[in-house]
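Both of the next two complexes hold chain A, though its partner changes from chain B to chain C.
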Partner chain A sequence: MTVRPGYYLRVLAVSMRTSLVTAMQYRADFLVQGAMSLLWTGLALFPLLVLYGDRDTVAGWDFAPALVVLGLFTLMRGVLEGAINPSLMAVIERIRTGAFDYTLLKPADAQFLVSTTRFAPWHVIDVLAGAGLVAYAFTRLGRAPGVAELAATLALLAAAIAVMYSLWILIVAAAFWVVRMDNLAFLLGAVFDAARWPIHVFKGAWRFVFTFIIPLALMTSYPAMALLGTLTVEAALACLGGAAAFFALARAVWLLAIRNYTSASS
Partner chain B sequence: MPTMLRVGLAETIAYRAEMVVWILTTTMPLVMLALWSSVADEAPFRQYTQTDFVAYYLGALIVRNLTSNWVAWQLSEEIRLGTLSMRLLRPVHPFASFLATHLAALPLRALVVTPAIVILVLTEARAVLIDDAGRAGLLALSLAGAWLLTFGVFLAIGALAFFLEKSLALIEVYFGVFMLMSGYIIPLDLMPGWMRTTAEWLPFRYMLGAPVELLIGRYPDAAAAAPLVATQWAWALGMLGVAGLAWRAGVRRFEAYGA
Partner chain C sequence: MIEVRDLKKHFKVHKRPPGLGAALRSIVHRTYQTVEAVDGVSFRIERGERVGFLGPNGAGKTTTLKVLSGLLHPTSGEVTVAGHRPQRRAADFLRQITLVMGQKQQLIWDLPPAETWTLNRAVFGVNPADFDRTLAELTELLELGELAQKPTRQLSLGERMKCELAAALLHRPTTLFLDEPTIGLDVSMQVTIREFIRAYNQRHDATVMLTSHYMDDVVALCPRVIVIDGGHIIHDGDLRALVKAMLPDKRVSFSGAAAADVLARLGRLVSRDGARTTLEVPEARLREVIGHLLDGDGIGDLAIEDPPLEDVMRKLFKGKPSEPPDAG
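Here is the complex of A and B:
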């Protein structure tokens, strides 16, 4: 299939507009979502407040840097629940019912279509809350991140989103073989909860798992370190390379899975 | 009742994989354990040593999984779709049939948390656990009380679907408050004073924190722990009463829909 960027951009824009129009019909959800976002951010903040009320530093992290990690966690959770989860939950349902066949018939790449079917725009509140926490942490530090640090952070966050998305695509690909996958999606969300602390809090085997196997470190700790200016260039490049490799792997598995797809009815 | 329990057990076994994955999503105590054990690695945090934290959060993981149920989702779904009518036609009270289903899930739940229990007993965390018959008996009572209280709360929340369209959104709010006030994310001992007082007046700690505190020996003897368990049972019975009232009012409305 030839690559047609303009075409795909238009499809994406239409899909986003549809989601926005749908969301606008349930405006009360905006308030509910806002309240929930505040509640969950407060919940995540609470142990840190108790902890740093007594201690100055934990595993080499002071309060403000730990707050940056928590802010990025909140932001990334917003991205996950707003832009990645809704579409991919929908596709798992379609695979189960057999409606996925129609997606395959459409004249566009199936992975692109299933990844952009639905968005939950109200989760933008989580993203703003996360950014707010980061901004507050930097006012506590009394300085602002430099342009280079900001650019590195944005690149790492993009890599983190790619990794999160790739994990999801792997789960969806698994749904071609094992039909009931929707609660595995919740499992991924539950594991992601561990990304709220700096990676150095985890010891031994757990740190290895959360760095290399389920790369939670890449999702919050490394971008936070980049923003604080404590991440080495080599580590940042390794993250970007790893994310690209992971993305390619997920794509390869997806293509393999599609080839083996036999529809729900056959 | 034995037949209903058997049916419930068969259902649990049929959906075992799904349920095991659900249980595995309870990662929050482990996430908190990672943070606090790293903190206590250097020096004890107030009265909690690293071993205390390990015992507390493993205990929280076990209690949470043993006492949890999904009756709120089940009930609100059946009310919304109208399938509750089927249940109403049967000669047993729907509460009894819900009770049987969720009691029958207990063996599988116990099986899944066994690794956590083994770790708790085999590692040095064992040192902080209670070992006298009196407190162990109270712990068993307290676990039963926590189960009943959770069941009552979820029944009451589920019954809200009689009155509200989006009652499931409330569950999320409920969970937020529960996590904060029950000792799920942080032991009551470590909360700031005013918050601890609030938590002690609310029912949430009796659903999780109370049995865990009892387990890790926060009460010196059975006499000191008895008032805790008594209050817990009072909450549990009171909450079942509230659920019963909400149910009676709700069913009247439900029938008025012509379902």
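Here is the complex of A and C:
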């Protein structure tokens, strides 16, 4: 399919508008979800406060830098739950019921369509709260990150989003073969939760797994280190390269899955 | 135009006997079986034709429609629809066809149908002027009225189907694959949908391929039927010719009393429902039988009809699990 950026932007805009209308349809739900987002952010602070209550440093991370990791975790969770999870959960359901057929009947790239079917707008609160935590951490440090650090962080966050998204696409692709993927989806959510801690907290095999297999380090610790100015250029480039490779892999698996797709009831 | 040559679609399915033990074993060791859903099917449908696609459960109807609309890759054989190979799912191909599945829905559950239509307008790249014109036409033909603004979850099944049809036709496709579009609808809604399909076919010279649970749909809409069974075509041609070949006798029905022994001489008794009697009479004897009946006292309301398509199907698929034919 030829790439038509204008066309895809228009479809994306309509799709986001539809999600917003859906969210507004249930006003009470919208408010409750917003409040929940704030509550979770607040609760996420507790373990960190307890941990740093009687010590100054954990695995080489002081409180303020660890708070930057938590802030980025909150931000990334907002992106994940607001822009990535809803669509892909919906797709898994559609594959199970066979309604996915209608997606394949549309003259647009199917991966694009399944990735943009649903958004959960209230998770903007998570993103703002996360950014707030990072800003607060820097006031505690008594300095502001430089422009280069900020740019590197944004690039790494984009890479991290690409990786999370790619993981999801791989799960959805797997759903074509095994149909029921809800549990794996929840497992991914649970594992992602570990990204609230700096990667150095994990030892040995876990650190390896969370760096290379399920790249949690890339999602929060590395962007935080970039923001704090402690990440090497080589590591940053490796992250970007790895994310690009992961994205390409997910795309290839997706195309293969579509080829093998046979709908739920034939 | 649709052209299908020696189409085969085979599935590999996981097979396990019933029971918990077998379920546990199947987690470790799975046995597979190949199902020949469609096994060497060929036909050609010209632009503007309305063709009924009939067969019992699991005959391969839905599989064929899915191959024709690009959802399934054929195992072998050649398929051309509107000048395209469907499995490539080219954007230009998808803009020319539509597949309506009576048992699945594309309307967004929580929102009014108009939102789904707007989304489809963007996805199909329909320009606003064409969109408005088509929507106005569909609104008139389907009598959509206020339905567009009601949340989908509040619509009745029939209202929802009308809106599903609108969603499927807003890009004005010229090839329509309709898989059980009237399933579960009441009789008057079935008639509405049927009339709509005919009107759309005539206005846009659209090709229609229809499967239906209800033989009335097929009789009303499709001069030609293709009958498929076990993945093979067993009839392709005129609907009347099929009826004549399978059940050559006519149905003669009338109201009024007639003695049992007289009836037995006239033809085979099909039913006696209150004052109304229906007989099966060979065409060659029709004149004689009618004459006799008209001579009789108190006989009126005489009608001569073809046997119902249901009976034809029943005879065709004798011993098959589903009668009348169902989604397959």
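FYI, the second predicted complex is superposed on the first by the 265 of 266 C-alpha atoms of A that agree within 3 Å, B and C clash if a C-alpha of one lies under 4 Å from a C-alpha of the other, contacts with A are read in each partner's own complex, and residues count from 1 in each chain.
Here is the rule we use: a residue touches a chain if its C-beta (ideal position, glycine included) is under 8 Å from a C-beta of that chain, and two chains touch if they have at least 3 such contacts.
Predicted model only: the values in this text are computed from it and were never measured.
Of the two partner chains placed by superposition, A:234 touches none, neither chain B nor chain C.
Of the two partner chains placed by the overlay, neither chain B nor chain C lies in contact with A:56. No residue of chain A touches both chain B in one complex and chain C in the other.
The residues of chain C lying in touch with chain A in their complex are 11, 37, 62-63, 66, 69-73, 89, 91-92, 94-95, 97-99, 101, 103-106, 108, 110-111, 115, 118-125, 151. Contact residues on chain A toward chain C in their complex (touch as defined above): 1-2, 7, 10-11, 13-15, 18, 21-22, 25-26, 97-99, 101-102, 104-108, 113, 259, 261-263, 265-266. For chain A in complex with chain B, the residues that touch the partner chain are 32, 35-36, 39-40, 42-43, 46-47, 50-51, 53-55, 58-59, 180, 183-184, 186-187, 189-191, 193-194, 196-197, 200-203, 206.
In the complex of the two chains, the chain B residues touching chain A come out as 17-18, 21-22, 24-28, 30-32, 34-39, 41, 45-46, 169, 172-173, 176, 179-180, 185-186, 190-192.
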